[in-house]
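Right, one structure below, let's go through it.
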Amino acid sequence: MNDLPEKFDELTGREFLERIWAGPGASPLGILLNMRLIEVGDGSATFEAIPSRKFYNPQQRCHGGFAATLIDSALGCAVQSKLGRGVRYGTVELKVNYIRPIFEETGRLTCAGKVVHAGRRMSTAEARVIDAAGKLYAHGSVTFMVFDP
Amino acid sequence: MNDLPEKFDELTGREFLERIWAGPGASPLGILLNMRLIEVGDGSATFEAIPSRKFYNPQQRCHGGFAATLIDSALGCAVQSKLGRGVRYGTVELKVNYIRPIFEETGRLTCAGKVVHAGRRMSTAEARVIDAAGKLYAHGSVTFMVFDP
Amino acid sequence: MNDLPEKFDELTGREFLERIWAGPGASPLGILLNMRLIEVGDGSATFEAIPSRKFYNPQQRCHGGFAATLIDSALGCAVQSKLGRGVRYGTVELKVNYIRPIFEETGRLTCAGKVVHAGRRMSTAEARVIDAAGKLYAHGSVTFMVFDP
Amino acid sequence: MNDLPEKFDELTGREFLERIWAGPGASPLGILLNMRLIEVGDGSATFEAIPSRKFYNPQQRCHGGFAATLIDSALGCAVQSKLGRGVRYGTVELKVNYIRPIFEETGRLTCAGKVVHAGRRMSTAEARVIDAAGKLYAHGSVTFMVFDP
(Lines give C-alpha, C1' and ligand atoms only; values in the text may rest on other atoms or scores of the structure.)
Protein backbone atom coordinates (compact mmCIF):
# COMPACT_ATOMS: atom_id res chain seq x y z
CA MET A 1 0.00 0.00 0.00
CA ASN A 2 3.04 2.23 -0.04
CA ASP A 3 2.77 3.75 -3.48
CA LEU A 4 -0.80 4.83 -3.93
CA PRO A 5 -1.42 7.81 -6.16
CA GLU A 6 -1.24 10.97 -4.07
CA LYS A 7 -4.85 11.84 -4.64
CA PHE A 8 -6.12 8.51 -3.35
CA ASP A 9 -7.24 9.88 -0.01
CA GLU A 10 -9.38 12.50 -1.66
CA LEU A 11 -11.34 10.03 -3.76
CA THR A 12 -14.32 7.83 -2.96
CA GLY A 13 -13.99 4.20 -4.01
CA ARG A 14 -16.17 4.84 -7.03
CA GLU A 15 -14.13 7.86 -8.12
CA PHE A 16 -10.95 5.83 -7.71
CA LEU A 17 -12.40 3.13 -9.95
CA GLU A 18 -13.54 5.57 -12.59
CA ARG A 19 -10.33 7.63 -12.68
CA ILE A 20 -7.54 5.27 -11.76
CA TRP A 21 -8.64 1.88 -13.07
CA ALA A 22 -9.59 3.44 -16.34
CA GLY A 23 -6.11 4.88 -16.80
CA PRO A 24 -3.22 3.20 -18.57
CA GLY A 25 -1.16 0.95 -16.35
CA ALA A 26 -3.76 1.05 -13.60
CA SER A 27 -3.63 -2.69 -13.04
CA PRO A 28 -0.40 -4.17 -14.33
CA LEU A 29 -1.51 -7.76 -13.65
CA GLY A 30 -4.85 -7.09 -15.32
CA ILE A 31 -3.06 -5.91 -18.47
CA LEU A 32 -0.75 -8.92 -18.41
CA LEU A 33 -3.73 -11.30 -18.16
CA ASN A 34 -6.05 -9.62 -20.69
CA MET A 35 -8.50 -8.47 -18.01
CA ARG A 36 -10.36 -5.19 -18.01
CA LEU A 37 -12.97 -3.49 -15.85
CA ILE A 38 -15.95 -2.82 -18.11
CA GLU A 39 -18.68 -1.71 -15.73
CA VAL A 40 -19.03 -0.35 -12.19
CA GLY A 41 -22.28 -0.07 -10.29
CA ASP A 42 -23.15 0.63 -6.68
CA GLY A 43 -21.78 -2.50 -5.06
CA SER A 44 -21.14 -4.30 -8.32
CA ALA A 45 -18.45 -4.50 -10.97
CA THR A 46 -17.94 -6.49 -14.16
CA PHE A 47 -14.66 -7.52 -15.74
CA GLU A 48 -13.99 -9.08 -19.11
CA ALA A 49 -11.09 -11.45 -19.77
CA ILE A 50 -9.77 -12.97 -22.96
CA PRO A 51 -8.30 -16.45 -22.35
CA SER A 52 -5.08 -17.28 -24.15
CA ARG A 53 -2.60 -20.16 -24.37
CA LYS A 54 -0.21 -17.78 -22.56
CA PHE A 55 -2.25 -18.41 -19.40
CA TYR A 56 -2.21 -22.19 -19.66
CA ASN A 57 -0.90 -24.64 -17.10
CA PRO A 58 0.99 -27.81 -18.06
CA GLN A 59 -2.37 -29.58 -18.48
CA GLN A 60 -2.94 -27.24 -21.44
CA ARG A 61 -5.95 -25.32 -20.19
CA CYS A 62 -6.11 -21.98 -18.35
CA HIS A 63 -4.36 -22.12 -14.98
CA GLY A 64 -6.61 -21.94 -11.93
CA GLY A 65 -4.87 -18.67 -11.12
CA PHE A 66 -6.48 -17.08 -14.17
CA ALA A 67 -10.06 -17.38 -12.90
CA ALA A 68 -8.89 -16.59 -9.35
CA THR A 69 -7.34 -13.32 -10.54
CA LEU A 70 -10.47 -12.44 -12.49
CA ILE A 71 -12.77 -13.08 -9.51
CA ASP A 72 -10.54 -11.20 -7.06
CA SER A 73 -10.44 -8.25 -9.49
CA ALA A 74 -14.19 -8.02 -10.01
CA LEU A 75 -14.96 -8.44 -6.32
CA GLY A 76 -12.33 -5.94 -5.23
CA CYS A 77 -13.90 -3.34 -7.50
CA ALA A 78 -17.44 -4.26 -6.42
CA VAL A 79 -16.46 -3.64 -2.80
CA GLN A 80 -14.47 -0.54 -3.63
CA SER A 81 -17.49 1.00 -5.35
CA LYS A 82 -19.14 1.24 -1.92
CA LEU A 83 -16.22 2.84 -0.08
CA GLY A 84 -16.16 6.46 1.08
CA ARG A 85 -13.36 8.98 0.66
CA GLY A 86 -9.96 7.64 1.70
CA VAL A 87 -11.24 4.28 2.94
CA ARG A 88 -8.93 1.41 2.01
CA TYR A 89 -9.45 -2.33 1.81
CA GLY A 90 -7.52 -5.55 1.38
CA THR A 91 -8.42 -9.13 0.50
CA VAL A 92 -8.61 -11.33 3.60
CA GLU A 93 -9.56 -14.54 1.85
CA LEU A 94 -10.58 -15.71 -1.60
CA LYS A 95 -12.52 -18.85 -2.46
CA VAL A 96 -12.98 -20.10 -6.01
CA ASN A 97 -15.06 -23.01 -7.32
CA TYR A 98 -13.94 -24.32 -10.70
CA ILE A 99 -16.79 -25.64 -12.82
CA ARG A 100 -15.37 -26.14 -16.32
CA PRO A 101 -11.89 -25.88 -17.88
CA ILE A 102 -11.19 -22.61 -19.73
CA PHE A 103 -9.42 -22.83 -23.09
CA GLU A 104 -8.30 -20.16 -25.52
CA GLU A 105 -11.19 -21.31 -27.71
CA THR A 106 -13.65 -20.53 -24.89
CA GLY A 107 -13.38 -16.91 -25.96
CA ARG A 108 -14.29 -13.77 -24.06
CA LEU A 109 -15.40 -14.29 -20.47
CA THR A 110 -17.14 -11.86 -18.20
CA CYS A 111 -17.05 -11.87 -14.43
CA ALA A 112 -19.78 -10.00 -12.62
CA GLY A 113 -19.20 -9.40 -8.92
CA LYS A 114 -21.71 -8.24 -6.33
CA VAL A 115 -21.31 -7.13 -2.75
CA VAL A 116 -23.18 -9.41 -0.35
CA HIS A 117 -22.38 -7.47 2.82
CA ALA A 118 -20.74 -4.05 3.09
CA GLY A 119 -19.70 -3.55 6.70
CA ARG A 120 -17.66 -0.99 8.55
CA ARG A 121 -14.80 -3.41 9.13
CA MET A 122 -15.52 -6.27 6.74
CA SER A 123 -17.17 -6.76 3.38
CA THR A 124 -18.03 -9.88 1.43
CA ALA A 125 -18.88 -10.35 -2.23
CA GLU A 126 -19.68 -13.09 -4.75
CA ALA A 127 -18.91 -13.45 -8.46
CA ARG A 128 -19.58 -15.73 -11.43
CA VAL A 129 -17.43 -16.23 -14.53
CA ILE A 130 -19.45 -16.91 -17.68
CA ASP A 131 -18.85 -17.01 -21.43
CA ALA A 132 -20.74 -15.22 -24.18
CA ALA A 133 -23.48 -17.88 -24.07
CA GLY A 134 -23.91 -17.54 -20.30
CA LYS A 135 -22.22 -20.87 -19.54
CA LEU A 136 -20.65 -20.97 -16.06
CA TYR A 137 -16.88 -21.61 -15.74
CA ALA A 138 -16.13 -20.60 -12.16
CA HIS A 139 -17.66 -18.80 -9.22
CA GLY A 140 -16.33 -17.57 -5.97
CA SER A 141 -16.47 -15.29 -2.97
CA VAL A 142 -14.09 -12.93 -1.25
CA THR A 143 -13.85 -11.41 2.22
CA PHE A 144 -12.30 -7.95 2.44
CA MET A 145 -11.10 -6.04 5.46
CA VAL A 146 -12.04 -2.37 5.34
CA PHE A 147 -9.82 0.31 6.88
CA ASP A 148 -11.68 3.49 7.71
CA PRO A 149 -9.10 6.11 8.75
CA MET B 1 -7.52 -31.12 -21.36
CA ASN B 2 -7.49 -31.41 -25.12
CA ASP B 3 -3.83 -30.85 -25.86
CA LEU B 4 -1.88 -32.96 -23.42
CA PRO B 5 1.49 -34.21 -24.57
CA GLU B 6 1.00 -37.58 -26.24
CA LYS B 7 3.04 -39.43 -23.71
CA PHE B 8 0.97 -38.19 -20.80
CA ASP B 9 -0.93 -41.43 -20.34
CA GLU B 10 2.28 -43.41 -20.03
CA LEU B 11 3.68 -41.28 -17.22
CA THR B 12 3.07 -41.30 -13.49
CA GLY B 13 2.31 -37.93 -11.92
CA ARG B 14 5.86 -37.70 -10.63
CA GLU B 15 7.37 -38.51 -14.03
CA PHE B 16 5.12 -35.90 -15.61
CA LEU B 17 6.36 -33.32 -13.12
CA GLU B 18 9.99 -34.21 -13.64
CA ARG B 19 9.90 -34.35 -17.45
CA ILE B 20 7.17 -31.94 -18.49
CA TRP B 21 7.22 -29.21 -15.88
CA ALA B 22 10.96 -29.02 -16.10
CA GLY B 23 10.81 -28.37 -19.85
CA PRO B 24 10.65 -25.00 -21.53
CA GLY B 25 7.17 -23.62 -21.93
CA ALA B 26 5.72 -26.24 -19.61
CA SER B 27 3.62 -23.72 -17.72
CA PRO B 28 3.02 -20.59 -19.75
CA LEU B 29 1.31 -18.77 -16.86
CA GLY B 30 4.11 -19.80 -14.51
CA ILE B 31 6.66 -18.24 -16.88
CA LEU B 32 4.58 -15.08 -17.24
CA LEU B 33 4.38 -14.71 -13.44
CA ASN B 34 8.00 -15.58 -12.56
CA MET B 35 7.02 -18.86 -10.91
CA ARG B 36 9.00 -22.06 -11.07
CA LEU B 37 8.77 -25.56 -9.61
CA ILE B 38 11.95 -26.09 -7.61
CA GLU B 39 11.31 -29.31 -5.71
CA VAL B 40 9.01 -32.34 -5.88
CA GLY B 41 8.62 -34.91 -3.13
CA ASP B 42 6.15 -37.72 -2.51
CA GLY B 43 3.02 -35.67 -1.91
CA SER B 44 4.81 -32.36 -1.73
CA ALA B 45 6.07 -29.68 -4.09
CA THR B 46 7.75 -26.30 -3.71
CA PHE B 47 7.56 -23.33 -6.06
CA GLU B 48 9.52 -20.14 -6.03
CA ALA B 49 8.13 -16.82 -7.26
CA ILE B 50 9.76 -13.45 -7.81
CA PRO B 51 7.30 -10.59 -7.14
CA SER B 52 7.42 -7.67 -9.56
CA ARG B 53 5.56 -4.41 -10.15
CA LYS B 54 4.25 -6.12 -13.29
CA PHE B 55 1.98 -8.17 -11.01
CA TYR B 56 0.59 -5.22 -9.06
CA ASN B 57 -3.03 -4.24 -8.70
CA PRO B 58 -4.18 -0.60 -8.69
CA GLN B 59 -3.43 -0.46 -4.95
CA GLN B 60 0.24 -0.87 -5.90
CA ARG B 61 0.96 -4.19 -4.29
CA CYS B 62 0.86 -7.71 -5.78
CA HIS B 63 -2.62 -8.65 -6.94
CA GLY B 64 -4.37 -11.36 -4.91
CA GLY B 65 -4.28 -13.47 -8.06
CA PHE B 66 -0.49 -13.69 -7.77
CA ALA B 67 -0.49 -15.65 -4.50
CA ALA B 68 -3.55 -17.61 -5.65
CA THR B 69 -1.70 -18.75 -8.77
CA LEU B 70 1.36 -19.68 -6.73
CA ILE B 71 -0.66 -21.74 -4.24
CA ASP B 72 -2.69 -23.49 -6.95
CA SER B 73 0.57 -24.35 -8.76
CA ALA B 74 2.35 -25.80 -5.76
CA LEU B 75 -0.68 -27.77 -4.62
CA GLY B 76 -1.44 -29.10 -8.09
CA CYS B 77 2.09 -30.47 -8.29
CA ALA B 78 1.97 -31.84 -4.74
CA VAL B 79 -1.16 -33.80 -5.62
CA GLN B 80 0.18 -34.84 -9.00
CA SER B 81 3.28 -36.32 -7.40
CA LYS B 82 1.04 -39.00 -5.88
CA LEU B 83 -0.83 -39.95 -9.05
CA GLY B 84 -0.31 -43.20 -10.94
CA ARG B 85 0.18 -43.67 -14.66
CA GLY B 86 -2.39 -41.81 -16.77
CA VAL B 87 -4.42 -40.52 -13.82
CA ARG B 88 -5.59 -36.94 -14.33
CA TYR B 89 -6.83 -34.29 -11.94
CA GLY B 90 -8.45 -30.87 -11.89
CA THR B 91 -8.92 -28.15 -9.30
CA VAL B 92 -12.39 -28.23 -7.75
CA GLU B 93 -11.94 -25.35 -5.38
CA LEU B 94 -9.17 -23.08 -4.14
CA LYS B 95 -9.11 -21.13 -0.90
CA VAL B 96 -6.48 -18.50 -0.10
CA ASN B 97 -5.89 -16.53 3.11
CA TYR B 98 -3.96 -13.32 2.61
CA ILE B 99 -1.77 -12.41 5.59
CA ARG B 100 0.51 -9.58 4.39
CA PRO B 101 0.78 -7.51 1.20
CA ILE B 102 3.47 -8.63 -1.25
CA PHE B 103 5.63 -5.96 -2.87
CA GLU B 104 8.43 -6.17 -5.41
CA GLU B 105 10.77 -5.37 -2.50
CA THR B 106 9.51 -8.46 -0.65
CA GLY B 107 11.85 -10.47 -2.85
CA ARG B 108 11.86 -14.18 -3.62
CA LEU B 109 8.98 -16.15 -2.15
CA THR B 110 8.66 -19.87 -1.81
CA CYS B 111 5.44 -21.82 -1.62
CA ALA B 112 5.60 -25.31 -0.17
CA GLY B 113 2.53 -27.46 -0.72
CA LYS B 114 1.66 -30.74 0.98
CA VAL B 115 -1.04 -33.29 0.31
CA VAL B 116 -3.39 -33.66 3.26
CA HIS B 117 -5.51 -36.44 1.78
CA ALA B 118 -4.84 -38.42 -1.39
CA GLY B 119 -8.03 -40.26 -2.27
CA ARG B 120 -9.22 -42.29 -5.22
CA ARG B 121 -11.69 -39.61 -6.31
CA MET B 122 -10.62 -36.53 -4.37
CA SER B 123 -7.43 -35.08 -2.96
CA THR B 124 -6.80 -32.10 -0.71
CA ALA B 125 -3.63 -30.18 -0.01
CA GLU B 126 -2.37 -27.16 1.95
CA ALA B 127 0.35 -24.59 1.23
CA ARG B 128 2.13 -21.62 2.78
CA VAL B 129 3.82 -18.72 1.01
CA ILE B 130 6.88 -17.39 2.86
CA ASP B 131 9.80 -15.06 2.13
CA ALA B 132 13.51 -15.73 2.58
CA ALA B 133 13.23 -14.97 6.31
CA GLY B 134 10.33 -17.40 6.77
CA LYS B 135 7.72 -14.64 7.16
CA LEU B 136 4.22 -15.75 6.12
CA TYR B 137 2.42 -13.86 3.31
CA ALA B 138 -0.43 -16.19 2.39
CA HIS B 139 -1.66 -19.72 2.94
CA GLY B 140 -4.34 -21.80 1.41
CA SER B 141 -5.86 -25.12 0.52
CA VAL B 142 -7.13 -26.78 -2.62
CA THR B 143 -9.51 -29.65 -3.38
CA PHE B 144 -8.77 -31.66 -6.51
CA MET B 145 -10.91 -34.18 -8.31
CA VAL B 146 -8.97 -37.21 -9.46
CA PHE B 147 -9.90 -39.08 -12.66
CA ASP B 148 -8.64 -42.63 -12.68
CA PRO B 149 -9.29 -44.06 -16.15
CA MET C 1 -24.27 -44.31 4.12
CA ASN C 2 -24.82 -47.75 5.57
CA ASP C 3 -28.29 -47.38 6.97
CA LEU C 4 -30.32 -45.68 4.29
CA PRO C 5 -33.99 -46.49 4.16
CA GLU C 6 -34.48 -49.49 1.89
CA LYS C 7 -36.49 -47.56 -0.62
CA PHE C 8 -33.81 -44.93 -1.12
CA ASP C 9 -32.66 -46.29 -4.43
CA GLU C 10 -36.14 -46.12 -5.86
CA LEU C 11 -36.62 -42.45 -5.08
CA THR C 12 -35.51 -39.31 -6.88
CA GLY C 13 -33.81 -36.68 -4.74
CA ARG C 14 -37.00 -34.65 -4.63
CA GLU C 15 -39.12 -37.65 -3.59
CA PHE C 16 -36.58 -38.45 -0.89
CA LEU C 17 -36.85 -34.92 0.43
CA GLU C 18 -40.62 -34.92 0.39
CA ARG C 19 -41.08 -38.36 1.97
CA ILE C 20 -38.09 -38.88 4.21
CA TRP C 21 -37.16 -35.42 5.43
CA ALA C 22 -40.75 -34.74 6.26
CA GLY C 23 -40.93 -37.81 8.48
CA PRO C 24 -40.25 -37.92 12.19
CA GLY C 25 -36.63 -38.47 13.08
CA ALA C 26 -35.52 -37.81 9.50
CA SER C 27 -32.69 -35.52 10.55
CA PRO C 28 -31.68 -36.13 14.14
CA LEU C 29 -29.23 -33.21 14.20
CA GLY C 30 -31.84 -30.94 12.62
CA ILE C 31 -34.28 -31.79 15.41
CA LEU C 32 -31.61 -31.25 18.07
CA LEU C 33 -30.81 -27.81 16.65
CA ASN C 34 -34.37 -26.56 15.98
CA MET C 35 -33.93 -26.72 12.21
CA ARG C 36 -36.60 -27.75 9.74
CA LEU C 37 -36.95 -27.98 5.96
CA ILE C 38 -39.86 -25.73 5.03
CA GLU C 39 -39.69 -25.57 1.25
CA VAL C 40 -38.19 -27.50 -1.65
CA GLY C 41 -37.99 -26.25 -5.22
CA ASP C 42 -36.15 -27.43 -8.30
CA GLY C 43 -32.59 -26.74 -7.22
CA SER C 44 -33.54 -24.79 -4.14
CA ALA C 45 -34.49 -25.46 -0.54
CA THR C 46 -35.31 -23.33 2.48
CA PHE C 47 -34.77 -24.18 6.13
CA GLU C 48 -35.95 -22.39 9.23
CA ALA C 49 -34.03 -22.39 12.50
CA ILE C 50 -34.92 -21.10 15.94
CA PRO C 51 -31.81 -19.88 17.82
CA SER C 52 -31.59 -20.75 21.49
CA ARG C 53 -29.17 -20.32 24.37
CA LYS C 54 -28.72 -24.10 24.12
CA PHE C 55 -26.67 -23.46 20.96
CA TYR C 56 -24.40 -20.82 22.48
CA ASN C 57 -20.63 -20.89 22.67
CA PRO C 58 -18.72 -19.63 25.72
CA GLN C 59 -18.89 -16.10 24.23
CA GLN C 60 -22.64 -16.29 24.82
CA ARG C 61 -23.88 -16.11 21.24
CA CYS C 62 -24.79 -18.92 18.84
CA HIS C 63 -21.80 -21.12 18.04
CA GLY C 64 -20.43 -20.86 14.50
CA GLY C 65 -21.43 -24.49 14.09
CA PHE C 66 -25.09 -23.47 14.29
CA ALA C 67 -25.08 -21.41 11.07
CA ALA C 68 -22.73 -23.94 9.45
CA THR C 69 -25.21 -26.74 10.12
CA LEU C 70 -28.08 -24.66 8.80
CA ILE C 71 -26.26 -23.78 5.57
CA ASP C 72 -25.07 -27.34 4.98
CA SER C 73 -28.64 -28.57 5.51
CA ALA C 74 -30.27 -26.14 3.10
CA LEU C 75 -27.64 -26.63 0.43
CA GLY C 76 -27.69 -30.41 0.74
CA CYS C 77 -31.43 -30.38 0.13
CA ALA C 78 -31.13 -27.87 -2.72
CA VAL C 79 -28.67 -30.17 -4.48
CA GLN C 80 -30.67 -33.29 -3.65
CA SER C 81 -33.77 -31.80 -5.25
CA LYS C 82 -32.00 -32.08 -8.62
CA LEU C 83 -30.85 -35.69 -8.25
CA GLY C 84 -32.32 -38.60 -10.20
CA ARG C 85 -33.44 -41.96 -8.84
CA GLY C 86 -30.83 -43.61 -6.62
CA VAL C 87 -28.18 -40.93 -7.10
CA ARG C 88 -26.30 -40.13 -3.89
CA TYR C 89 -24.19 -37.18 -2.83
CA GLY C 90 -21.84 -36.08 -0.08
CA THR C 91 -20.43 -32.74 1.07
CA VAL C 92 -16.89 -32.22 -0.19
CA GLU C 93 -16.36 -28.81 1.33
CA LEU C 94 -18.33 -26.15 3.16
CA LYS C 95 -17.49 -22.45 3.40
CA VAL C 96 -19.34 -20.08 5.73
CA ASN C 97 -19.01 -16.30 6.08
CA TYR C 98 -20.21 -14.95 9.41
CA ILE C 99 -21.70 -11.47 9.17
CA ARG C 100 -23.42 -10.83 12.52
CA PRO C 101 -23.67 -12.71 15.83
CA ILE C 102 -26.86 -14.74 16.31
CA PHE C 103 -28.56 -14.55 19.72
CA GLU C 104 -31.66 -16.25 21.09
CA GLU C 105 -33.33 -12.83 20.78
CA THR C 106 -32.57 -12.77 17.05
CA GLY C 107 -35.56 -15.04 16.62
CA ARG C 108 -36.52 -17.25 13.71
CA LEU C 109 -33.98 -17.43 10.90
CA THR C 110 -34.47 -18.77 7.42
CA CYS C 111 -31.78 -20.13 5.17
CA ALA C 112 -32.51 -20.28 1.46
CA GLY C 113 -30.11 -22.35 -0.62
CA LYS C 114 -29.78 -22.44 -4.39
CA VAL C 115 -27.86 -24.69 -6.70
CA VAL C 116 -25.26 -22.77 -8.70
CA HIS C 117 -24.05 -25.72 -10.78
CA ALA C 118 -25.56 -29.19 -10.98
CA GLY C 119 -23.02 -31.45 -12.65
CA ARG C 120 -22.76 -35.15 -13.26
CA ARG C 121 -19.92 -35.55 -10.75
CA MET C 122 -20.00 -32.32 -8.78
CA SER C 123 -22.54 -29.75 -7.69
CA THR C 124 -22.17 -26.38 -6.01
CA ALA C 125 -24.69 -24.24 -4.19
CA GLU C 126 -24.94 -20.99 -2.24
CA ALA C 127 -27.10 -19.93 0.72
CA ARG C 128 -27.93 -16.93 2.87
CA VAL C 129 -29.15 -16.88 6.49
CA ILE C 130 -31.54 -14.02 7.23
CA ASP C 131 -33.93 -13.03 10.02
CA ALA C 132 -37.60 -12.07 9.76
CA ALA C 133 -36.62 -8.55 8.69
CA GLY C 134 -34.32 -9.80 5.95
CA LYS C 135 -31.14 -8.89 7.84
CA LEU C 136 -28.16 -11.05 6.83
CA TYR C 137 -26.40 -13.15 9.49
CA ALA C 138 -24.28 -15.57 7.47
CA HIS C 139 -23.83 -16.82 3.96
CA GLY C 140 -21.93 -19.66 2.44
CA SER C 141 -21.32 -22.16 -0.30
CA VAL C 142 -20.92 -25.91 -0.51
CA THR C 143 -19.37 -28.31 -3.02
CA PHE C 144 -20.98 -31.74 -3.26
CA MET C 145 -19.74 -34.87 -4.96
CA VAL C 146 -22.44 -36.71 -6.82
CA PHE C 147 -22.41 -40.51 -7.14
CA ASP C 148 -24.43 -41.76 -10.08
CA PRO C 149 -24.62 -45.57 -9.82
CA MET D 1 -21.29 -10.79 22.98
CA ASN D 2 -23.75 -9.22 25.38
CA ASP D 3 -23.64 -11.66 28.25
CA LEU D 4 -20.01 -12.41 28.93
CA PRO D 5 -19.05 -13.25 32.48
CA GLU D 6 -18.21 -10.04 34.28
CA LYS D 7 -14.61 -10.95 34.77
CA PHE D 8 -14.00 -11.51 31.08
CA ASP D 9 -12.13 -8.27 30.58
CA GLU D 10 -9.68 -9.10 33.34
CA LEU D 11 -8.69 -12.43 31.84
CA THR D 12 -6.22 -13.33 29.10
CA GLY D 13 -7.51 -15.69 26.43
CA ARG D 14 -5.70 -18.57 28.05
CA GLU D 15 -7.13 -17.82 31.50
CA PHE D 16 -10.60 -17.59 29.98
CA LEU D 17 -10.15 -21.01 28.41
CA GLU D 18 -8.86 -22.57 31.60
CA ARG D 19 -11.48 -21.07 33.92
CA ILE D 20 -14.60 -20.63 31.80
CA TRP D 21 -14.46 -23.44 29.28
CA ALA D 22 -13.68 -25.88 32.03
CA GLY D 23 -16.78 -24.88 33.96
CA PRO D 24 -20.21 -26.50 33.71
CA GLY D 25 -22.36 -25.01 30.98
CA ALA D 26 -19.44 -23.16 29.43
CA SER D 27 -20.32 -24.21 25.93
CA PRO D 28 -23.95 -25.24 25.65
CA LEU D 29 -23.58 -26.40 22.04
CA GLY D 30 -20.44 -28.33 22.93
CA ILE D 31 -22.35 -30.19 25.63
CA LEU D 32 -25.26 -30.90 23.27
CA LEU D 33 -22.88 -32.34 20.66
CA ASN D 34 -20.62 -34.39 22.96
CA MET D 35 -17.64 -32.09 22.41
CA ARG D 36 -15.10 -31.13 25.03
CA LEU D 37 -11.90 -29.10 25.18
CA ILE D 38 -9.19 -31.50 26.39
CA GLU D 39 -5.97 -29.54 25.90
CA VAL D 40 -4.84 -25.95 25.44
CA GLY D 41 -1.36 -24.89 24.36
CA ASP D 42 0.14 -21.60 23.24
CA GLY D 43 -1.67 -21.19 19.94
CA SER D 44 -3.16 -24.66 19.92
CA ALA D 45 -6.16 -26.49 21.32
CA THR D 46 -7.54 -29.99 21.09
CA PHE D 47 -11.16 -31.09 21.36
CA GLU D 48 -12.63 -34.54 21.60
CA ALA D 49 -16.04 -35.47 20.21
CA ILE D 50 -18.10 -38.62 20.52
CA PRO D 51 -20.22 -39.22 17.37
CA SER D 52 -23.76 -40.45 17.92
CA ARG D 53 -26.83 -41.27 15.84
CA LYS D 54 -28.32 -38.16 17.45
CA PHE D 55 -26.08 -36.10 15.16
CA TYR D 56 -27.01 -37.90 11.95
CA ASN D 57 -28.46 -36.37 8.81
CA PRO D 58 -31.13 -38.12 6.73
CA GLN D 59 -28.35 -39.99 4.89
CA GLN D 60 -27.67 -41.74 8.20
CA ARG D 61 -24.18 -40.51 8.90
CA CYS D 62 -23.02 -37.52 10.99
CA HIS D 63 -24.26 -34.23 9.59
CA GLY D 64 -21.61 -31.95 8.05
CA GLY D 65 -22.45 -29.48 10.80
CA PHE D 66 -20.98 -31.87 13.36
CA ALA D 67 -17.40 -31.68 12.04
CA ALA D 68 -17.87 -27.97 11.27
CA THR D 69 -18.79 -27.30 14.91
CA LEU D 70 -15.85 -29.34 16.13
CA ILE D 71 -13.36 -27.51 13.90
CA ASP D 72 -14.76 -24.07 14.75
CA SER D 73 -14.52 -24.96 18.45
CA ALA D 74 -10.93 -26.15 18.37
CA LEU D 75 -9.76 -23.26 16.22
CA GLY D 76 -11.58 -20.66 18.29
CA CYS D 77 -9.80 -21.92 21.39
CA ALA D 78 -6.45 -22.15 19.60
CA VAL D 79 -6.74 -18.48 18.63
CA GLN D 80 -8.07 -17.47 22.02
CA SER D 81 -5.07 -19.00 23.74
CA LYS D 82 -2.91 -16.27 22.16
CA LEU D 83 -5.11 -13.31 23.15
CA GLY D 84 -4.20 -10.77 25.80
CA ARG D 85 -6.38 -9.45 28.61
CA GLY D 86 -9.81 -8.33 27.44
CA VAL D 87 -9.18 -8.95 23.73
CA ARG D 88 -12.18 -10.45 21.96
CA TYR D 89 -12.57 -12.30 18.68
CA GLY D 90 -15.19 -13.59 16.30
CA THR D 91 -15.27 -16.06 13.43
CA VAL D 92 -15.16 -14.30 10.07
CA GLU D 93 -15.21 -17.40 7.92
CA LEU D 94 -14.97 -21.16 8.30
CA LYS D 95 -13.91 -23.66 5.64
CA VAL D 96 -14.26 -27.41 6.10
CA ASN D 97 -13.09 -30.24 3.84
CA TYR D 98 -14.94 -33.52 4.38
CA ILE D 99 -12.78 -36.57 3.78
CA ARG D 100 -14.75 -39.55 5.13
CA PRO D 101 -18.24 -40.03 6.54
CA ILE D 102 -18.44 -40.13 10.35
CA PHE D 103 -20.67 -42.79 11.93
CA GLU D 104 -21.50 -43.57 15.56
CA GLU D 105 -19.27 -46.62 15.12
CA THR D 106 -16.32 -44.37 14.18
CA GLY D 107 -15.90 -43.73 17.89
CA ARG D 108 -14.05 -40.95 19.67
CA LEU D 109 -12.62 -38.26 17.42
CA THR D 110 -10.07 -35.63 18.31
CA CYS D 111 -9.66 -32.30 16.59
CA ALA D 112 -6.33 -30.53 17.04
CA GLY D 113 -6.25 -26.90 15.96
CA LYS D 114 -3.22 -24.69 15.47
CA VAL D 115 -2.84 -20.99 14.88
CA VAL D 116 -1.22 -20.25 11.52
CA HIS D 117 -1.10 -16.47 11.90
CA ALA D 118 -1.87 -14.44 15.02
CA GLY D 119 -2.27 -10.83 13.96
CA ARG D 120 -3.38 -7.65 15.64
CA ARG D 121 -6.62 -7.51 13.64
CA MET D 122 -6.91 -10.98 12.13
CA SER D 123 -5.89 -14.51 13.00
CA THR D 124 -6.03 -17.72 11.01
CA ALA D 125 -5.84 -21.33 12.14
CA GLU D 126 -6.04 -24.86 10.77
CA ALA D 127 -7.38 -28.13 12.23
CA ARG D 128 -7.66 -31.82 11.48
CA VAL D 129 -10.27 -34.29 12.75
CA ILE D 130 -8.91 -37.80 13.30
CA ASP D 131 -10.04 -41.01 14.97
CA ALA D 132 -8.19 -43.11 17.55
CA ALA D 133 -6.13 -44.74 14.79
CA GLY D 134 -5.12 -41.38 13.31
CA LYS D 135 -7.40 -41.72 10.27
CA LEU D 136 -8.45 -38.35 8.83
CA TYR D 137 -12.18 -37.48 8.64
CA ALA D 138 -12.19 -33.75 8.00
CA HIS D 139 -9.90 -30.75 8.05
CA GLY D 140 -10.45 -27.06 7.83
CA SER D 141 -9.38 -23.52 8.47
CA VAL D 142 -10.91 -20.48 10.10
CA THR D 143 -10.30 -16.73 9.89
CA PHE D 144 -10.99 -14.73 13.05
CA MET D 145 -11.29 -11.01 13.52
CA VAL D 146 -9.58 -9.79 16.68
CA PHE D 147 -10.90 -6.81 18.64
CA ASP D 148 -8.27 -5.18 20.80
CA PRO D 149 -9.99 -2.57 22.98
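Of note:
So that you can tell them apart, the chains are marked A, B, C and D in the order they are listed, and the count of residues begins at 1 in each.
The criterion applied here is as follows: a contact is a pair of C-beta atoms (placed from the backbone, for glycine too) under 8 Å apart; a residue touches a chain by one contact, two chains touch by 3 or more.
No experiment lies behind these values; they were computed from the predicted model shown.
Matching residue numbers shows that C-D is the pair in A-D, A-C or C-D whose interface repeats A-B, with more than half of the contact pairs in common.
A count of C-beta contacts for the chain pairs B-C and B-D puts B-D on top.
Note on chain placement: the centre of chain C and the centre of chain D lie 21 Å apart, centres being C-alpha means. Here the CA centre of chain B is 33 Å from the CA centre of chain C.
The centroid of the Cα atoms in chain B and the matching centroid in chain D are 30 Å apart. Multi-chain contact residues, meaning those touching two or more other chains, occur in chain C at positions 92-93, 95, 97, 143. Note for the complex: chain A touches chain C at residues 95, 97, 99, 116-117, 119, 124, 126, 128, 136, 139, 141, 143. By the touch criterion stated above, chain A contacts chain D in their complex at residues 92-93, 95, 121-122, 143, 145. Remark: chain A residues 1-4, 16, 20-21, 26-30, 32-33, 53-66, 68-70, 72-73, 76, 88, 90-98, 101, 103, 142 touch chain B in the complex.
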